[in-house]
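For reference, the structure discussed in these notes is given below.
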Amino acid sequence: MILLGGKNATEKDSVGAVVRASGHATLLHCYQCGKCTAGCPLAFGMDYNPNQIIRLLQLGRMKQVLGSRAIWICAGCWTCTTRCPCSIDIARVMDSLRVIARREGQTAQGRDVASFNDLFLQSVRRYGRVFELSVVLGLNVRRRRLFHDADLGRFMLARGKLRFTAEKIKGVKEVRRLFSRQGAPVRTRKERVKE
Amino acid sequence: MSVNESDVVTTAEGAAWEPKIVAFLCNWCSYAGADLAGVSRIKYPANVRIIRVPCSSRVNPQFVFRAFERGADGVLVAGCHPGDCHYVTGNYYTRRRLTLFKRLLEYVGFEPERFIVRWVSASEGQRFAETVKEMVDGLKHLGPQKRVSRV
Amino acid sequence: MPRIGVFVCWCGSNIGGVLDCPAIAQEAASFPGVVYSTEYKYVCSDPGQKLIVDAVKEHRLERVVVASCSPRLHEETFRQVLRRSGLNPYFFEMANLREHCSWVHPDTTVREQAQRKAVDLVRRAVAKAARLEPLFPGKIPVVRRCLVIGGGIAGIQTALDVADAGLEVLLVEREPTIGGNMVKLDKTFPTLDCSACISTPKMVAVAQHPNIRLYTYAQVEEVTGYIGNFKARIRQKARYVDHSKCNGCGTCWTRCPVTVPDDFNLGLGERGAIYIPFPQAVPNKPVIDLEHCRRSTRGKCGACAKLCPTGAIDYEQKDEFVDVEVGAIIVATGYGLFPWEKVYGEYGYGRFRDVITGLMFERMVNASGPTGGKIQRPSSGKEPKTVVFIQCVGSRDEARGKEYCSRFCCMYTAKHAHQILEKIPGSEVYVFYIDVRTFGKGYEEFYRRVRDEGAVYIRGRVSKVYQDGSKLIVRGADTLLGEQVEIAADMVVLATGAVPAAGAADVARMIGIPQDKDGFFQEAHPKLRPVETHTGGVYLAGTCQGPKDIPDTVSQASGAAAKVCGLLLRDELETNPLVSKVNEALCTGCLACQPVCPYRAIQPVTITERLPGQPPRERVVARVNEGLCQGCGACTVACRAGAIDLKGFTNKQLIAEVDALCL
Amino acid sequence: MKEITEMLQQVAARLFNEGLEMFIGYESGSVPAKARPYFAAVQGETAALVFNPFCEHNLAKYLVRFPNAKTAVVVKGCDAGAVERLVKERNLDRTRITVIGVPCGGMLARERVLAELPQDGKITAITDRRDAFVFQTSKGEHVLEKKAFLLAKCLICTQNNPTGVDLMLGKEAPPVGETGKDPYARVKEISALDPPARAAFWDRLMDRCLRCYACREVCPACSCTECCFEQAVPGWQQGAIWLSKAVTLPDNLHYHVIRAFHVAGRCTGCGECERVCPVRIPLMLLNRKLAGDIDELYGPTPPDVPSVLCTYATGDRDEFT
Amino acid sequence: MKIGYYPGCSLESSAKEYDRATRLVARHLGIQLYDLNDWNCCGATAAHSTDHFLAAALPARNLMIAEEMGLNVTVPCAACYQRLRLAHRELTENEATAREIAELLGRPYQGKVRIYSLLETIAGIGLDQLAAQVVRPLKELKVACYYGCLLVRPPGTGCDDPENPRLMDELLLAAKAEVLDWGYKNECCGASLVFSERRLALRLIRNILRNAVDAGATSIACACPLCQTNLDTRQGQVNKEFGTSFAIPIFYFPQLLGLAMGLYPQDLGLGKHFIDPQRAIKAVGG
């Protein structure tokens, strides 16, 4: 049961954050035509269809949205954004929702996605470029399934496609500076301790 | 209804007997529907002879009886579907009149297939053709109407 | 027996490719009355037509039969040929050899049958031709005056248009002022211009127009006659105020000691027993509501009479009748609102004061309305913070309401949502809808704008509204999410659908125009004759024909006006000669024919019969008004004696046709 | 019976005093157990008026013959509708007519009565005893059970007390018709036959029609000034010739079917057509068939409508789709 | 033609052959690629899913480098391409973000750099020019050109029509390949999910492969290292998951152009594919 009206509408404010983060005031334009869902390659794996995510946002159902699996399933293919008749950048809304969910620690439904993103960015932060092997292995370690995709690993290795050493760029300090901003997502252990 | 070889009635001259149908069609719907059958080249048996009336409510039951007396084997009256009458209400009267008249004709011994009333709109060329086909089949099955025919 | 000429047309190969046209022509030559018979490639072509003209002259033909295509196609063409040949155009009959024969029986296997059929069809045409009579369209003079029934925006627009064309207009309105529903509205969607600001100038224009005679507080009680020549009786209800003396100073209505709920404001405000409905009323002169007037309820008061500086108050005034003659009638009786209180118990049957209708909201939000434009809960007078709109109340509800869509509710609801969000900061607006229909120019954009402003649209129908303390709990569902929704609201506004105005059935009966299944007046054709009725000279404008918004209403009103101008700017009308006629000698006056006529063309008249050897005797017979008759012939069958016959389709002709076909 | 007769004579006398010009009633026939229409034009002729169970004629149609006279007419329950029908269709000026109602205990089938009564007995008095008529004859008293001696139409009668009359004589009569008797029983039997058998049934009857038009003349619903089947219009303005006057089976059938159709919904059920038919064609079988269908399909017709065929309902049963 | 070259992380490791083929073909066509000095990772999906600022800031540094070098940039990786284009837009449209990045990096971005996909860069020399270089027409090659998501979406940053991209088709037509019209050329392959939600991603891959095969393709051409790796290396897993038997070689389009221009398959890195492209190459006489 969705309760609305008066004090029931408090969640509505946090939706404003999504709207602002998505750089759009157009969420309210959505008239629920469903074209985003119709074209979504991953709708089959979602608990709420993309149009329902927008609908829930219109009704101010932020908790429900952040707790959904759909926002993590979104692969960011931009099909929805491309075709939306109301010019809503749904893909970016999904991005924003992931950002907020991560900030608020609501990543239960998208643990692996969030982990992957963290590992990826940590790698970038450390080296300036991504060190694929460390990201993949890191993910496997976190998920306690060391030999996941091991077949591919072997193949890559055989073709000389995997690097074993990370290449640190010269300007890595500059890159780290980009990460140093207040509220930035990836912290070194040191920084975390400091906080 | 199909016709078996043995059902085919032959006339004195030996030619296969063909039923003769007089059809009263209202100008706005059914006559136009028959025109549409023509425009659409929908084939139907050549047994029907059409008389144009402005409205099915112009059809006096006496015309029907007259046709039978003159040797018609079947009579068809067709008008706009109830509610669609060009003259607003005409076919509602037709419906009452001809419902009673048809029941009366059957009561005095006419077979139901002899007298048919159908609603055929201007867009129902196919329905008109099918109605004629059905009637011809039915009448072939019954044979010639000789009871009140004076010919 | 008249001299008949038969012309068989090949229509190229359309007929000639299937039927043996020369053989048909040859056989036709032997039919009774036929003195000339020929065939030609294309009879409808110029040389073909000339062939007829020449043959008429050469063979002194008196009747012409063309055996070609459908009369629905070329009957008129050939009638003109006869006219050119100097014959009465109705001395013409067609046999339909193309649509009814060659095109449907093209196969060689049935060629012989088709040929026989074609000959039968020509014989039928000849038999009818032999019995044709000359027919002459009648001429009827036209009264250059138009009656407009209803003084809403439709009636106003149509009256102004007709009057501007130089024709006289009588505008009859049953309320004390013209303006109708539109003048009650606050703003109009999607432009948000003030409804009164754009309609009151038109009302004033009506009052001042030299060609318009305005009857307010009046009703048309009787209509007789036919296109070009209607007679109408107008009842001028007693106002108890002599408008010829009243100068509209307003002393009386500001000092009346009585207060009654004000129907113009749908009970949201009050007025006196002597009142004008609203400040810009036209005419701006009061009427007395005698039912509530203290002088009539308690026998003493007379305050208004004492105060009136011009002595205009006349408690003894009586209803008066005005008989008028008009050439055309435009019906613009408008709409009423669906009586939701009688039907929707789940919305409270009108028990909850904070459940109001859209029209009440219009009055409430109107600066000149009872709250001075302040949106407030009727129960407490406080400003509502959460407002729920429920669309399709009465509309799109086959079970208890109306099957149809009322068309304008989506948009007025969007407008209301906008007004709430604009006037009440921090307010929440929820709109329950089934579909949102924004068909007009700028409408979708407006709808989008309202959503941008924060109106939350919820797809689903509200199932129940109930009072919970000071709140109204609205229980609905979001069908897009598949979840139930419950809203604690301060006010609920129902988008009640449109129904025909009260009394529409009486108007229909009085004028003799049919109503559709929902009681709206039936247009002659839904696409191609939307402002005409089946009765000649009677036209429709506005919502009396079906729900529509203001732009559509005004367009239709102008359309009806154009039709009336086209009719009345002629000197006389030509009547269709294919009409019924009564043989008074045979008519017994049973009048079985009268009720079956959809056009009320048959009326009883008393004639004096002078039979040889008997004293003159008065008796009643039926008479057909040729101006009204449309020639359906339903009456001819109702007449057992055969006294009433249809010209062009006479009993004699039809019997001859039956006989000829069966030969 | 005697008191009604006396009342009739008194009323007639009074009416003549009040300016009546014609009184249509019954007198005794020239043979036993028979009555016949009686036209009293002056005061002195009223003594011949009678009423007894042989007054089966419906006198209403005679009114049409006196369009300009102040006329009184005697009606039984089954005749009253005829006056109403004629007035409704403007054949009569109701203001000139005084309708005098008599209570009816049923009419007797003359042949059966004669067979029951002694050959040479003269009927001196008839008394209605609800279930039977008691005949006093010169040879004694005879009780004739109504169930056995009434006319068939009286056995299915539902209205033996006239309505809409100006003057009602005597007490209201108790019901005559047998309860539970289906008026359409015979119609249903015929309908149950197959078409050829039905055709044979009717052909046998219609074949003997003489086209004497008695059925039409007596019928209160057949009120056309000129019947469509007999229009005598000069040649040059001749309208339609609907039907040949030849007495052939097709023409006879045409005549009777169309006549039945013309009176459909207007037939008052008086049964006079059948009574006057010289060749005993059971014409009421046609009228009753239509009455049954009308009842089944359309129910009662509103009183302000001329007939069932002059109105419609959009929801009428549609057997033609 | 001189142009800055931003290979991106993948082309350094898992998509080495793409890098090699690109450089060879560019040289052959007279396009001089200048690697951006000390470029960094664009942040890819991880950045924009995690922090909007980083998503703009990481590519910004690369754009500044290009601007300093006075070059426009060509990007072979679709993901990098989209990130760079979006960052460019963010930096030129959102003043606050631009200022913040400039402060952190100590220099501003002027917005002079134009970012091109490799497709655009190669097409930029002219299809006639390209056709003139073809010595070994790819006549027998039935190829489905696969664009995926990020090259063409969102509209405004894409390099071609988002619903019916044609650039790669045109290039391969110039190389006389038989280019097929098919429905999945712009569908998502799920690369960003393949590590975290593999089963979902495999289904997307299966759909694309099936549609290509149904259209009659014997090979697929890509312009993205993520797409290629995903479609190529995951075929085994797809077959296992869905009981299919796909074995369709997935080329980088410069590999095919290189073949057509007579370059050695080995040099083009054709030996590094999971699905052996031998049959397809033989068919074109390579």
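Note that the chains are named A, B, C, D and E in the order they appear, and that numbering of residues resets to 1 at the start of each chain.
Everything that follows uses one rule, which is that contacts are C-beta pairs under 8 Å (C-beta built on N, C-alpha and C of every residue); 3 or more make two chains touch, one makes a residue touch a chain.
All values reported here derive from a predicted model rather than from experimental measurement.
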Set of chains adjacent to subunit C and to subunit D: B
Considering only chains that satisfy the touch condition with subunit A, which of them also satisfy it with subunit C? none
Which chain pair is joined by more contacting C-beta pairs, B-C or A-E? A-E
Quick one: which chain's Cα centre is the longest way from subunit C's? E
Average the C-alpha coordinates of each chain, average all protein C-alpha coordinates together, and give the chain whose average is closest to the overall one. C
Please identify the chain with the largest separation between its CA centroid and the CA centroid of subunit A. D
Averaged over CA atoms, how far is the centre of subunit A from the centre of subunit D? Could you give it in whole Å? 97
Taking the mean of the C-alpha atoms as each chain's centre, how many Å separate subunit B from subunit C? 36
For subunit B and subunit E, let me know how many angstrom lie between their CA-based centres, rounded off. 75
Chain centres from averaged Cα atoms put subunit D and subunit E apart, in whole Å, by 104
Two or more other chains in contact with one residue: find those residues in subunit B. 61, 66, 89, 93, 97
Tell me, which pairs of chains are in touch? A-C, A-E, B-C, B-D, C-D
Subunit C residues within the subunit A interface of the complex: 385-386, 388, 428, 430, 436, 448, 451-452, 454, 456-459, 471, 474, 478, 480-481, 483-489
Going by the contact rule at the top, pick out the subunit D residues touching subunit C in the complex. 67-68, 89-91, 223-228, 231, 238-242, 262, 305-307, 309-311
Using the touch rule from the top, collect the residues of subunit A that touch subunit C in their complex. 1-6, 8-9, 25-26, 28-29, 31-32, 51-52, 55-56, 58-59, 86
Subunit E touches which residues of subunit A in the complex? 21, 41-42, 44-45, 72-73, 75-79, 81-82, 89, 91, 95-96, 98-99, 102, 110, 112-113, 115-118, 120-121, 123-124, 128-130, 132, 135-136, 139, 149, 151-152, 155-156, 159-163, 167, 169-172, 174-175, 177-181, 183-186
The residues of subunit C that touch subunit D in their complex are 583, 585-592, 594-596, 615, 617, 619-620, 638, 640-642, 645, 650-652, 654-655
